[in-house]
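Just below sit the structures, each encoded as structure tokens.
Note that chain A is present in both complexes that follow, paired respectively with chain B and with chain C.
Here is the complex of A and B:
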């Protein structure tokens, strides 16, 4: 390994990146676009869910209950209907995603039997929204029932032995507001780096092949390891700069809490970059056309990182076979690390397992990448 | 005119037959995506890893915990003996949720007083945490109501004298079992079609330009509109085959119901394919090389995908982004696809979406015809 030769290659690569508008777009534009697009576009929180109410009773009690739905920030009552047909049309047409039906004997049953029911009709096309909406509706109804109890048993409630519900005192740790943005954005850093790194480096050797400069490179005294080091060095710098940019945007613009140590993030990011760049380099060595290489790189990074890394879909809810596959998805380890460093403030010791995963990956990939090119030289 | 178009069609299909990588590109990504989306994409919450700290050691506290485990939503992975152990489990990620039952829980319940149940939840994944908390509330209030009823009975009180109970009957329409797969798989039909068709069309035309055959075609009597027709018809057919293929996998393998009329689906797919083809051709008129087309597609398709409502509800986006989604053809096709698959609604409900796709398609195709005309002159 000769430092002078490595630096020369690195300089050459940097000039090439600067002159290639496509590489520049990937390095500079992609992080900005993905950060803002996904930072704002991806939200699982529901607020102002369009709601339709059907009050069959139209009594003081039913009005009081529905007023609570109107006051809740989770629901926006957009329609009040007088028959089931209209309710059905409103939900079929997508004007409303929730229908609350108060039966005609609501308060009568409540006073005579102490028991009554309210119907919630949920458009469950999106099962996640439906589950959340039903949960919020439940808590609105529970709160109303609790207050109705207070009204009926003023003072004497306890002597009568009227049981009060179990008071659930819930505390949310690490993401106190349960904001999906705080959960998505740290993972986005991983997603962007995986994409940028693999897309950029996938071009590095195929470009030489396509332009016919590979033969020239081979004829120089540069060894294949030096070539790899020199070629990847600029991308390391670009990757780190992109990571810094994304983290700064996450904290400064989106206000995601950063509770861990920057050093932890820096060290693990270096490891992750080694893996990502190594994969891009290996693809580039194996596929000699730029367009083919970038397509393969996209296929191998985008889908697994978006779907199987725990970036948005929780891994522990996947079927066992898919869960086993996620251990092969290198982004999984980094997504775990970034989220933990941002939200939990975890240190190196707590992250030993994912770091070990990344480390093994880095070693294996570097080895494969180094071998991949030596073969094509011969 | 027809003759010339047919000649172009024959040429297109011959080219496709000879292109081996195209066959790979047409088959592997759809299958991969379907499998991943069908099996991995889920927001459902089952078996949340739970740590329990029971400081009351009463019959009541044990009953409550067993309600949690028997619901299937929670899985007790650890029984802690101290608050520190609970904290440790959450910190390390061994457990996502902690149930803490303090001493005196049963006594309070027996006296008919409010008994506290403390729940600590790891909110890193806000969605899982929210849903889990919803289940905690349901289980706790269910237990409290049952306990209250038996207590009241034992003391000879009628239900009317006891606490009022208001139950919320939940009816889930269109997806009764809240199956995430039913939501995602039909969406994949729409998304994949867009990615495939736009990529194929733009690459095919740019390749002609790269190889130099585009100029050869332009010197023949073929007019731009005929050229566009000759180019789009084969990809239209491919797009349709793709839709049919993915739809049949969705129906046969993933058992997603199809409640609407196939005609609505065919109409929706045709109009959507118009927009996708228009987009593909437009990209190809801007790009000189396949690499440029690749990058342009990436920067165009990604936002269209993110803003389509495929996974993340449009109503939760900021207002400005919601307006942007109005020009996204995928947004409309997703509504049509989910409407026909799950809701079983027809054209009487879906006409605004169909009209919007038609409009976007006409604009895109018109623009690309104009641009192609220019590049010929």
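Here is the complex of A and C:
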């Protein structure tokens, strides 16, 4: 291994990335786009759900209840109707996704029985939104019912064991400050690293094959290990810069709490980069066209990271078979680490298991990548 | 030993296709050896074997006494290579390419600038060193590629069709550079499919269908006793005339050269009178018939034809 040769290759590679619009877009534009698109786009919360109300009672109680809906950030009351037909048309026409119907005997039941019911009609064509909307609506009603009862009991003698009308639904606190974004964005950092790292390196050898420069390179005394080191070095730098950028955006823009140590994140990111860059490099050695190599690289990095790393679907809610498969998905370990460093402030000691998983992967992949390229045309 | 290259029974097979068929030759230090033959004859394959890019199926390629298949890295520091397809980095400038290869070949730092300046002067690239290589014209690119190939002062240069697709003036200039390099003691193995370039080489190896057909200097190969006497025939319908003369009594071989025929005959005096009669009998007007000195191409046509006839007999 000769340092000067490695640096010569690294320098050449950087110049080429700088002059290649495609690589440049992957290195600079892709992280920004992914952060904003997915940071805002993948939110498991709903806010400002267009809502239609049908107040049959039109009493002080019903108006107070609907005022709670209006005040909630989850709902935006867009229409008030006077019959079921209009409500149905509003939902069918897409004007609103949720209809709240307050029955004519709402107040009476509330005072007589200590509980009452409100009808929520949900457009369930998007069933995820529908489930969430129904849940939110229920918690708004519950909260109101609780307050209303409390008011009723105030002034009278304290009745021990007074029936709590309905227990408060736990969903509210879960989404109270848009917590799902806090879970998604750290995982997004992993996703972007996988995507950028593997895509860029998948082009690096295939570009030389495609343009015919590989033949000359092979005829020089450069060794295949020097070539690999020189070619991966710039992408480590680019990957780390992208990671730093994503973390800065996560904390500074999206307001995700960062409770751990930067050093922990840095070290584990290096390991993760070693894995994805190695995968991209090995693919690039095997597939001698840039398009083909980048497609395969996406298949091996983005897909498992998006589906099986716990980035978008919680691993503990997967079927046992799929959960077992996630142990071979290297991104799983990094996503676990990033989330823990961000949200729990975990240190190296607590993360020993996922770090070990990542380390094993890094060693194996580096070994494969080192053997993937041979200095021969045959 | 130090500038010498030797092929011993070199054989290379790709699947069922035999690309190089038991080829043996040697080139001495400072000699320019030209590989001549049609496309697909196996010239590039032989050169690639010598550069360690392909492993021979059998036989040995030695560069400076080293078996290439056994120790390709030791060979690579001693050789310079220009591949058939232009293979510098088009998205790098001329100077960036030179610096890159100089560092890859570990040219001493103290000498780096001087060697690059020399390569730039040699290639006539002064003033264009900051241009992206993809924007340079063909002749400049080829000279730059040669400049990159000799930065580390290799003992042996392998040039695979370095002048293909380059205009005649640039070709001429390129050959001057090859001669200047060889004059410094560098052994050059160069392939081409331009027949006229054979004259620039010290020795020529004629290669056809993976076989070495003949080796010798241009004048040795021109003096081909099997050619017999050669006549130039100019007539109205060359295609038909060729058909008539091929296989006519006293005619060894006939071939089209431009808008004339070169006819190799057993007896010059008889042919001079018989051929016009033969053509006239077929309503062909013979405008001119005259004895000529054989060219290299005549000799190659004869040698290749003989080789293929031998093949047919063997089969």
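The rule we apply is simple: the second predicted complex is superposed on the first by the 341 of 378 C-alpha atoms of A that agree within 3 Å, B and C clash if a C-alpha of one lies under 4 Å from a C-alpha of the other, contacts with A are read in each partner's own complex, and residues count from 1 in each chain.
In this section, a residue touches a chain if its C-beta (ideal position, glycine included) is under 8 Å from a C-beta of that chain, and two chains touch if they have at least 3 such contacts.
These numbers come from a predicted model, not from an experiment.
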Touched partner set for A:299, first chain B, second chain C, both or neither: first
Greater chain A contact set [chain C / chain B]: B
Partner chain in contact with A:144 - chain B first, chain C second, else both or neither: first
Partner chain(s) touched by A:255 [first = chain B, second = chain C, both, neither]: neither
Touched partner set for A:5, first chain B, second chain C, both or neither: second
Which of chain B and chain C A:115 touches, first, second, both or neither: first
Intersection of chain A interface sets (partners chain B, chain C): none
Contact set on chain A toward chain B in their complex: 22, 25-26, 29-30, 33-34, 37-38, 40-50, 91-94, 110-132, 134-139, 141-142, 144-145, 148-149, 152-153, 157-158, 160-176, 178-180, 182-183, 290-292, 294-295, 298-299, 303, 307-308, 312-314, 316-319, 321-322, 339-340, 343-344, 346, 350
Chain C contact footprint on chain A (complex, rising order): 2, 4-5, 7-9, 11-12, 15-16, 19-20, 211-223, 375-378
Residues on chain C engaged by chain A in the complex (per definition of touch): 48, 51-55, 72-73, 76-77, 79, 81-83, 85-92, 96, 99-101, 103-106
Interfacial residue positions of chain B with respect to chain A in the complex: 21, 25, 29, 32-33, 36-37, 39-47, 49, 64, 90-93, 109, 111-131, 133-138, 140-141, 143-145, 147-148, 151-152, 155, 157-176, 178-180, 182-183, 290-292, 294-295, 298-299, 302-303, 306-307, 311-313, 315-318, 321, 335, 338-339, 342-343, 345, 349
